[in-house]
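A, B, C and D are the chain letters, set down in written order, and residue numbers restart from 1 in every chain.
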Amino acid sequence: MTAALKRLLPGLLAAVLALVLSLIITSLVLLVSGAQPLFAFGQMISYGAQPDSIANIINNAVTYFLSALAVAIGFRMKLFNIGVDGQYRLAAMVAAVVAGFVPLPPVLSQLVTILVAVLVGGLWSGIAGLLKVTRGVSEVISTIMLNFIATGLVAYMLQRGRFAVQAAGSNNIGTPTIPPSGRVAGLPLIPGTNTTIFGLIILAVLAGVGYQILVNRSRFGFDLRATGLSASAAVASGVSVKRMTLTTMIISGALAGMVGLPQLLGASYTYSLDFPAGLGFTGIAIALLGRNNPIGIAFGALLWAFLDQSSLILDLNGIPKEIVIITQGTVVLCVVIAYEVVRRLTLRQQQRAVGRELATDVPVAEGAAA
Amino acid sequence: MSTATDITLAPSLGATAGPKLDWRRGLIITGGLFLLLCLVRTLTGADDITSGGQISAAITLAIPVGLAGLGGLWAERAGVVNIGLEGMMILGTWSGAYFCLAFNSPWAALVGGVVGGALGGLVHAIATVTFGVDHIISGVAINIIGQGVARYLAVIAFTGKGGGATQSPPVPGFDTIGIPGMTGLLRPIESKHWFLISDLAGLLRGVTTGLSWLTIIAILMVPLTFLVLWRTSFGLRLRSCGENPIAAETLGVNVYRMKYAAVIVSGGMAGMAGAFLVTVASSIYREGQTGGRGYIGLAAMIFGNWRPGGLAAGATLFGFTDALQSRQNSSVHALLFFVALLVVLLSAWNLWRRRWLQGGIGLFIAVLLVVWFFLSTTVPQELITYTPHITTLLVLSLAAQRLRMPAADGVIYRRGQGG
Amino acid sequence: MALRGITKRFPGVVANDDINIEVQRGTVHAIVGENGAGKSTLMKILYGMQRPDAGTIEVDGATVHFGSPQQAIKAGIGMVHQHFMLADNLTVTENVVLGAERLCGIGARARRRILEISESYGLGIQPDRLVEDLGVGDRQRVEILKVLYRGAKILILDEPTAVLVPQEVDELFGNLRDLKAEGLTVIFISHKLDEVLAVADEITVVRRGTTVRTVKPSEVTSRQLAELMVGSELPVPQLRTDAVTDKVELSVTDLTVPSEHGRPAVDGVSFEIHRGEILGIAGVEGNGQAELVEALMGMRPSTGVVRLGHGDISDWDTRQRRTAGIGYIPEDRHRHGLLLESPLWENRILGHQNQKPNISGPWIDRAGARADTERIVAEYDVRTPGIDVAAASLSGGNQQKLIVGREMSHQPRVLIASHPTRGVDVGAQAAIWEHLRRARTAGLAVLLISADLDELIGMSDTLRVILRGRIVATVDPATVTPEELGSAMTGATDDAPTEPAGGDSADRSS
Amino acid sequence: GGTTGTAGGGSSTTSVKVGLAFDVGGRGDKSFNDLAAAGLDKAKTDLKITTKELSAVVGESDAAKAARLKLLAQAGFNPIIAVGFAYAPGLKEVAPQFPKVKFAIVDGAASDVSGPNVTNLVFKENESSFLVGVAAAKATKTKNVGFIGGVQTPLIQKFQAGYQAGVAAVDKTIKVQVKYLSQPPDFTGFNDPAKAKVTAQGMYDGGADVVYHAAGGSGSGLFEAAAASKKWAIGVDSDQYATATADQKQWILTSALKGVDTAVFNFVEQAGKNQVKSGEQRFGLKENGVGYSTSNPAVKQYESVIDGFKTQIIDGKIVVPATPAS
């Protein structure tokens, strides 16, 4: 237990350090623009701690968590799925169409909807995977292009006469509203508010646990991590990098397919013009924050959602709430830098330990730097 | 003989690892494509495809992409992947607009944009070079920060002055220049719609009229980049850091300094693209006006095989298709026909080389495209918008295997680790 | 030039400990020592790439401080590194002028100057070729030209002969004598003691980071020199008993590996390895050995037939081959053998992700893998404080022992050992040889590839020579000398006691 | 429906605290957010009120919008105005929780959100677009006009439909070029003046000599192209002749007006007097909620024709379609 703690401690320290650093930077920016940092933070904390806000934070975090998980599984093998955004939007759209047009009995309906979303997400990311393994197209570029193209496809479907309906006089347009039998009820988990928590938080938890087991405990996960750590060594060990790339890309897309579901089945019941966009990019940032680890990602998602939610109060006090975007960006950058520094220090410390083991007769100079 | 080799090397599709693309082949291919385009224009009557207006629109839309691509080129030639170009461009738009308004001169926008972008580049350099953070990760973070900073500063700088969180007041633009008399001379020829001649007239008119100073400066950045990177010792040192930084270090090259310089210039280029968007492509700062052009610049750079000429071709292709889809829906419809012809030619080549499968698939696709072309009068508007992106993806998937990136691109380098 | 009291510590290692060396102008001064003795580190300090923790450097009697290679270059020091320091995608000219653009620019003038130098030292350099198209010998000459171009007065050559065959070595030594005649000072590092004795005016022996003694070549034999280096008797690679059976374990027929530039990297290679046999492949690096190994491991597409026992495994992928019992000790352990950032026990799983005790069902069996790692660490004497440290923190030799232990743990039928003792100190070397011998006695078939001719000759039951991707000769390890083997490796086959290679390739081998 | 009486008895002596939640873009977007702001500003000077403005960010969820409205309600603002139909789901959630607070939503129809304390301020943009379509048809010499939509949403398609109908009402043979700059959920089409400029130039080059935009912040690109080509442009929402730069002004023939400012002002005023009507308030030509601008003298010559059509619409003789005929 203490050994595990010892291993985790540097990482935790790095995260805390990075958070503090980015708060300092934020404070400086606030000061320069003439606002009181302490006042701002105080307001944010007190507003963020209200039951209502907590419920919203958790709900947003659920979505962010799924998105980050989708990104993270790619990151674990150095695969950069920038396309989570397009994948989840397309998946949510198609899932909404199926759930809205095809009436099914409860439970079955939800299962089918989830399955469809997962399939669509996986297929869409599979295109990028396929292009990478067969044509050598960098997944960074192809997923970015596929994001744009997904937008086009969604727009194509989201028209009258195709898969969308429009309420009389409304300026909005969306898929048919999913009947109650196809929805997922909210959970009244937070006392003091009638805002419920997305029922699909269970899906997120399952996905997180599944991710952890798959990546850290399974043979597949070992291959995946090995590929990420050293593709050449993985090949020599018998991993088919092409197959891994394609599989991981598809799994990543499948996870991405779930991103829109809590919102779709738990709140909006339709994919319409105001369905949230850009969650894929948030996911990237949060995956980085959480160091591709489900627990870390959960904290990262909560932090992000907290900043989003609590910043609303700033406007009310005349402080531009955009400041939190700066906080969010700097915290990501600080965290990755801090992790890198800690990683190096840990390695050096280990080398030193090995050195002591090997040559107890030779005096070891502490603090000698390369 | 080479066929056998090809198939074993790329068993999945038997791709062609043909000869390297040098500038001569590039010219021939470009010329061939242009001829084919003229042919398609004459046959389909989509006359806007090669009109002067289309060409100058293509230039306008290609330049931000090309500048971003140059930014990518500078960084990656020094071994640093820069996916933060988008964020740096966003910083460039804000600071370009801010300086422009503060000094009431578009030249100030140029300086401001470059400085703003370069600051973004500096952050990227600190993270990747000094702290050894993964380049993609740092780039992603910079995209987030760039957006946040621009928003925040826009609120502070533009609110109450005729703008707000999402836009600035109108920004003074550059004067336009051009070769006098060209329009009068070429317009009539263009309107005759003669095969090739009118097309050439359109091309000429597009590149000689209605240019802004910044347009010219931006275009000059391409040869300038080539000269600096390939013809000066600074450039040699910089490129050596992207090929083998440890070797460079052993020869006394200060790799950190080179990488810093490259990434800062990279940011500056992206910032210039931002200034261009603010002053030439439009005359206002708008949140989100970069619209992913930084990413597309990166794609253009990869498409161009990490070389300025190829990059310019990639950016032009993107700008051209973007202008095409923005201007006339019928042009995109004609583009279908163009692509069909192109696929036919490629398939014929494949069949001639006895690659029956690829040739067959190609022909099948061509037939589908032709059928689509004749059965429809227009392509759905929703898909037209994304013509450039689809084109980029298609072209990359055809060309990606011939590409060669700098050997140490994206590799984290630390001083004194060599040997 | 003199180095006084140089001390350099790395985390956990004292690479240099109070080193004292004096080098006379116009001489060739050799430095010898075991792997990891600290030679390269010392030279990097002299070249300004690393800063000493203590000690001073004097050049021409004046104390100098080099903060960077640039300052060393200015002081007239040039270094050819142990590993090539060339940018493949740049031309020879660009590689040479890099960092020294001030001398002649980077254009036509520089090109002329390069040709001049090349001619006057007989280097035969083609300035416009891309380095990636050059062979190792040419690359080595480009490296030397780089130094000469800068007008260096003191030349450091760190193991310049490691990748060269004897004939190329002779040429190089000819060049060195010319340089010496011009008044240049050469510092020369090598593991090949006879070379050292042949070319050096003075020899300094380094052991565990300290200078042991400086001697004149006329005063010592290579045997004595070696004993100075290790401080004890040198182990000799040797097979004591004959274990070869008549059962073919691995048979390769007409194996061809295509390469990107026309000529196949491996061209119609055929051989058989029996149970209990070690088949050595001799060859200058870059003649297809790496490709052959990768093709056998299924990591590279190839044509031809590979049989394991009686089964045709030509179409199998790497994992199938490994599962079927082909063990693999890769040439480059950092690239192909280890996950440097992962703990030892995870590295123990690598390559055997689908075999007990690493797994149970689709899951990784942590406890099983950890226990077995402990066993390997104990049995193979891997020096480490525990199995949770990252592989990167072990020394090269210990990393290698871990790999050998891992590959042996799955009772392989065939072991492909590529440079199994490269960069490993003598103690570990002897241990690895012993493991190979034991496995061979138990019936293992081994394909041994090595650049160390003594090792090849001593450890092989059969020896083949590979040249430009073809097996060009089969020699008897019992009778061949390293010199003869060297000749065969370069294709100068007339006087070597070779027999025609089995099968097809004899007529094509010129 | 009807009003829910509050205690204080709506005398104008008690200061009214008005909360306004902008859509993405907020104050200063030179588009309909600014119109709402203008209405509020007028209320601020004319009436005795204090105000608070919050605005949305790109890509935020409905929950964030709900939280914003709630924040205003909790801070004691009443009435509260939400600008943009995107607030409908959020309002749907919040309005019942604050039965005493009066909410208005601009562009949000009763089919999206309704309640005893919700007023829907919706506009017949197709009618104003019809009128500028008439102006365009009258002004064109080439029998070729253009329409640039920012994002292809039903709201913007309403503009397109009205415009096309207006043009056709004058002359069925006039060609209308239609382009949208982006597709939902990509809303950059409202923020991409560069693209609008290229598109407009393409239309002018393609023979159009009048181009109408409903593209929010991208519209400035149209005006640039118009000034460069010396052809007509038509503005939207507010009188863009009044806000354009000097060289562009003269080419802005007219603008289709959307009376968000008046609607907001009226709503605030009614709230102060406690006379708010809940439910849908549709502002068309009849209600003088939409219209066209005449500040450019060039449009004077067509005024009689346009006003003729206007009367017919008001009289119900012409029914302007709200969706484009496809």
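Please note the rule applied: a residue touches a chain if its C-beta (ideal position, glycine included) is under 8 Å from a C-beta of that chain, and two chains touch if they have at least 3 such contacts.
By chain, UniProt protein names: A, B = ABC transporter permease; C = ABC transporter ATP-binding protein.
Model, not experiment: these values are computed from the prediction.
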| item | value |
| --- | --- |
| Steps needed, at fewest, to go from subunit A to subunit B via touching chains | 1 |
| Chain of greatest Cα-centre distance to subunit D | C |
| Of B-C and A-D, pair with higher C-beta contact tally | A-D |
| Averaged-CA centre spacing for the pair subunit D and subunit B, given as whole angstrom | 36 |
| Chain centre separation in whole Å, for subunit D relative to subunit C (CA means) | 75 |
| Where subunit B and subunit C are represented by their mean Cα positions, the distance between them in whole Å | 44 |
| Residue list for subunit B, restricted to those that touch at least two other chains | 165, 382, 385, 416 |
| For subunit A, residues that touch 2 or more chains besides their own | 148, 151-152, 155-156, 159, 322, 370 |
| Contacts with two or more other chains, residues of subunit D listed in rising order | 55, 58, 152, 182-183 |
| Touch relationships between chains, expressed as pairs | A-B, A-C, A-D, B-C, B-D |
| Parts of subunit D lying in touch with subunit B, wherever the complex brings them together | 24-30, 55, 58, 152, 177, 179-183, 187-188, 191-199, 201-206, 217-218, 220-221, 224, 228, 245 |
| Subunit A to subunit B touching residues, read off their complex | 29, 33, 80, 131, 133-138, 140-142, 144-146, 148-149, 151-153, 155-156, 159, 281, 284-285, 288, 320, 322-326, 328-330, 332-333, 336-337, 340-341, 344, 370 |
| Of subunit C, residues touching subunit A in the complex | 9-14, 17, 50, 53, 297, 299, 317-323, 328, 330, 335-342, 346, 349-354, 359, 362-364, 366, 383-385, 388-390, 392-395 |
| Subunit A-touching residues of subunit B, taken from the complex the two chains share | 12-13, 15, 83, 123, 127, 131-134, 136-138, 140-149, 151-152, 155-156, 165, 292, 295-296, 298-299, 302, 380, 382-383, 385-386, 389-390, 392-393, 396-398, 400-401, 403, 416-417 |
| Touching residues on subunit B, where the partner in the complex is subunit C | 2, 4-5, 8-9, 11, 17, 231-233, 236-237, 239-240, 243-244, 246-254, 404, 406-407, 416, 418-419 |
